[in-house]
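To keep things simple, chains are lettered A, B, C and D as they appear, and every chain counts its residues starting from 1.
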Amino acid sequence: MPVKIGVNGYGTIGKRVADAVNLQDDMEVVGVTKRRATYEAKMAVKNAFPFYAADQEYVQDFESEGIEVEGTLKNLIEKADVIVDCTPSNSGYKSLYEEKGVKAIFQGGEKHELTNLSFNALANYEEAIDADYVRVVSCNTTGLCRTLYPLHSNFGVENVIAVMIRRGADPPNSKKGPINAIEPVLKVPSHHGPDVQTVMPYLNIQTTAVKVPTTIMHLHSIVVKLKKEVSRENVINVWDETPRIMLVSSKYGFKSTAQIMEAARDMGRKRGDLFEIAVWEDGVHVIGDTLYYYQAIHQESDVVPENIDAIRAMCNLEKDKMKSIRKTDEAMGIE
Amino acid sequence: MPVKIGVNGYGTIGKRVADAVNLQDDMEVVGVTKRRATYEAKMAVKNAFPFYAADQEYVQDFESEGIEVEGTLKNLIEKADVIVDCTPSNSGYKSLYEEKGVKAIFQGGEKHELTNLSFNALANYEEAIDADYVRVVSCNTTGLCRTLYPLHSNFGVENVIAVMIRRGADPPNSKKGPINAIEPVLKVPSHHGPDVQTVMPYLNIQTTAVKVPTTIMHLHSIVVKLKKEVSRENVINVWDETPRIMLVSSKYGFKSTAQIMEAARDMGRKRGDLFEIAVWEDGVHVIGDTLYYYQAIHQESDVVPENIDAIRAMCNLEKDKMKSIRKTDEAMGIE
Amino acid sequence: MPVKIGVNGYGTIGKRVADAVNLQDDMEVVGVTKRRATYEAKMAVKNAFPFYAADQEYVQDFESEGIEVEGTLKNLIEKADVIVDCTPSNSGYKSLYEEKGVKAIFQGGEKHELTNLSFNALANYEEAIDADYVRVVSCNTTGLCRTLYPLHSNFGVENVIAVMIRRGADPPNSKKGPINAIEPVLKVPSHHGPDVQTVMPYLNIQTTAVKVPTTIMHLHSIVVKLKKEVSRENVINVWDETPRIMLVSSKYGFKSTAQIMEAARDMGRKRGDLFEIAVWEDGVHVIGDTLYYYQAIHQESDVVPENIDAIRAMCNLEKDKMKSIRKTDEAMGIE
Amino acid sequence: MPVKIGVNGYGTIGKRVADAVNLQDDMEVVGVTKRRATYEAKMAVKNAFPFYAADQEYVQDFESEGIEVEGTLKNLIEKADVIVDCTPSNSGYKSLYEEKGVKAIFQGGEKHELTNLSFNALANYEEAIDADYVRVVSCNTTGLCRTLYPLHSNFGVENVIAVMIRRGADPPNSKKGPINAIEPVLKVPSHHGPDVQTVMPYLNIQTTAVKVPTTIMHLHSIVVKLKKEVSRENVINVWDETPRIMLVSSKYGFKSTAQIMEAARDMGRKRGDLFEIAVWEDGVHVIGDTLYYYQAIHQESDVVPENIDAIRAMCNLEKDKMKSIRKTDEAMGIE
């Protein structure tokens, strides 16, 4: 019998997790919650997800907009084996989940200390087996783990310097800027480095970050001092065999994040999502013992398959990380 | 037996027309052409479209990239009943089509004089029945026809002033600007007004246009002096019953083109396309005999269903425009 | 003896008004106020403007940053003949000014009802003579008055439709978006039309507006039905003789707002400001009795000379509007 | 008697160099050249620079636009002691200068090999004394030299990794994008690292770069392994005493490049230029032997004072680099 999943917060991440759960044969969505009667709420109903108000106070608003409500979050919790919490950071639902005795996954906007278990499928799947509370790390941290973990396990990593060039706002957010500025994160290291270490505590990594006026994809410029000298072909081969990494090349027209997003649209996945981390093959260079590379991160969707794997580990549906990853990916059309 | 369609030029419009043809039961794609071995070419192959080089000179490039070629454009023409020409403006293929005796559809970048028959399904489907050469008007003109034709036929239109706020470049184009400027089209009327008149010659319309730094959607601010006084509810009702118009409202979160595109992604259509013209219901106002409204145009896809209808008219598969429109829309998931 | 001016709020408008006052020989800045110890505050001190805290509570912050304070707003009011209030909209200082018996100018963010006297130098200078409280209309409204008033007085205006394409945020604001969207003002008419009528109540004008992702200049697409048929040359000649209008042409490289702002920088005025309204000469067209034109508005500075003229009228330094305008312009380097 | 300077190419750099030369007491502009009758040409005339056509073929165009021409480039060369060549890269004038026996300065778009002498005032002024042909390095390279040279000379530098986040186009360029994408320079190292080494051959530096959709300022994220452990205060003190570096801090509102450019406008320099490199004081961090910092580069103007110093060195007007730098800066208002 499939594991019953409730999605608390049907926004950027929540709506994607709900769709991804529905593609798996060992789990199913028993309900999603929302607070406001937006087009996203209407779309949840259209997509036939059982619809719950985040709280009793929102019920009337939904009903006056013709959206039938199955109950509130508390009712949903009772039906669910796992709640995937996709609410804004610091929404503070953990104590409710504990009280009701339901397992829960949190997203990377929360602090590591909320669960003391931060998760990336490739790097530490095993730690999440049978866990009650897991935090799937953020889109940027997920991207760093995806390409750095195989470097660590194949070659050894002396240290990493990563500069994150971050998109200013997600596509549906038309309020936030900047319109014409570059904004540095003046705290060094930015939170990304320590966050990678919540998953890979053995990694020596420093990060800096800036924000720029685009809505599509973060881009990372990464410098890795490896423990042994390898060729760029070695590195490319390792990534080629690693799941959830997509190699792209400027010779096929991938000049910027724009063409990567366009290829994702052409692949026909819902919302034009790219669950993989895109690495420019012709941007991979090895000089001495130092590797340079660029990767692009689809900030809205790369963590979605990790949420699926986290569910599988927490419910002990699968002990082998690679089997879970492959099962997730096959169902989601990730090659 | 389905009508055989060749798509010459598998780019922004061509790839969408190919997908749309494949969704219909009375037509099929017999091949697509391309000139360069980009990711779009690889995707065409992945999508199982028979692949042709635009010319003999490109064959070797494709083969050296492992893309098998079924032949060249000339071979494709021989297999096709209709070529949908989605090549860049002024590519000049018409004489080849005439020589080979194949029907062809051109896009709105071409001049009206190329075919002397400019097409919008709702406004002048009948003119294209049995025609050999048809031009489907551009995305902006299509958008204007979609909302103005029902005003004309229901209420009568005295005159129209439309200001087009145009996106600077399509999403996969990272070369073109502007980055931080607004650029007016100093010629007045801009080409859009006269272009609407190639379809609706009886319409008194003036247009101006500016270009702005976005990649998603054109937005039109339109002022229509109607021949009779009507309420805004009358107007909204007429559009509500018109195909390929989608009413949106700020109260559900549609504050800008960003949320409209996001809703399109959530609808699950390939590439997040929006074939409908989005009209803000709460942006419709009637003051005296004058109607004001805003509409948003998904520049990459709104003309796609019109191409399908044009094929149907030219091959005399259907004489009734509304039947063709409904058949096209049902197959494409347009409600 | 020069009139004593206090500037309450040394931000985008305030700092420019202070500089402009200092260029005149019949008025002088006796102080400026600020609330936070930003770089603008430091620059005010560097520019030798007597510096006041907006309120007692801010004094300590300034002093801990080494900014000496001459007192608070209340002290400044006592020294001033006129306060130019450049605080954010609805800051609510008017009752304080009344209590202290000081004249005051407010900016276009305030409602007309605050003063019942909205001001544009060319259109209604005379109304402000000896007035105690005047509101200088906003940048967009000022731009509309500047080009429409001479059309009204020379040819007569039947009606006006103006579409405002507005910049998303000012250059120093890196918080606000949109980054990649066009946002319509769904209320029609937008507030601009009625706002023009606070200055020119006899004008039949409707306006709509959208917001786009640029930081430089608003652009207006304007359609005017004139009371008599005139040639485009007539119109251009009238504007050429009107103060504070600058005719530009694409043949000299003025393709967009970007080149207009660049020319302003080259002119050497402080901050690269453009106090004039830029009208594209080759964007002026007359079709029948209808005039079409585009104008660009430097939102940060076009109202600055109007503030100077308003001071002059309110203090009865000059009864003739053209004399005041010319005096202001000569001092500010406006040709 | 002042040294006679001809400026070949009155564009982004040329117009600024001309203005800067005019502020010095030991050099003067004897003429500027231009090819097209744009607003920049008209402004050159307005600024009273003797105006020359770049070639005979352009003379008529200028005259038909009412721009009087003193002659052509060849005439200007005869009057000049030094030509500052600000033409587009690879314009190929060097052989003409050699033939005519005139000294010349080239800009950073040219290759090092053109002159075999690349210049930064602080790092290698002495090498340019009496030189005939000098290349002033590009805006980014100038910025790197300005902050790295004092680190090298005070502390010793083990190695440098610098990531350049570059603006997509200059403010007056409304053609170039990207509008909504981040574009990496896939070649590693990007040309900036080797370019720094043309000035500081002893420096171990690697650079990567991306292009983003802004028009104002490049931003660098720089990581420097120093030869000895120092505190961040040591570093800040060194930079505080180095000319042409401006320390900024987020506590005064400098959150992004936007506020830095705004402060430059407030400083009242022509065009709102910032000749200094802006370094965020609160973005300077030392972790072990490694220094992290962010700097912002005004791409249109930071090389201008270097051109002045290069003239002074080439004409042997001053042997002491610090004396030249201070003389230049005082005249240009750089503190």
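By definition in this document, contacts are C-beta pairs under 8 Å (C-beta built on N, C-alpha and C of every residue); 3 or more make two chains touch, one makes a residue touch a chain.
Just so it is clear, the model here is predicted, and its values are computed rather than measured.
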Check: Counting C-beta pairs in contact, does B-C beat B-D or the other way around?
Finding: B-C
Check: How many degrees of rotation map subunit A onto its copy subunit B on CA atoms, rounded to the nearest 5?
Finding: 180
Check: So how far apart, in whole Å, are subunit C and subunit D when each is placed at the average of its C-alpha atoms?
Finding: 35
Next item on the list: Return the distance between the CA-based centres of subunit B and subunit C, expressed in whole Å.
Entry: 42
Margin query: I'd like the Å distance between the centres of subunit B and subunit D, where a centre is the mean of that chain's Cα atoms.
Written below: 47
Note to self: Quick check: what residues of subunit A touch more than one other chain, meaning two or more?
What the structure shows: 171, 173-174, 178-181, 183, 213-216, 255-258
Next item on the list: Show which residues of subunit D lie in contact with subunit C when the two form their complex.
Entry: 15, 36-40, 42-43, 171-174, 179-180, 215-216, 248, 252-259, 261-263, 265-268, 270-272
Check: Which positions of subunit D touch subunit B when the two form their complex?
Finding: 168-169, 171, 173-181, 183, 213-215
Notebook entry, point to check: Inside the complex, what are the residues of subunit C that reach subunit B?
Noted result: 161, 163, 165, 167, 178, 180-184, 186, 188-189, 206, 208, 210-217, 219, 221, 223, 250, 255-258, 280, 282-283, 285, 287, 290, 292, 294, 296
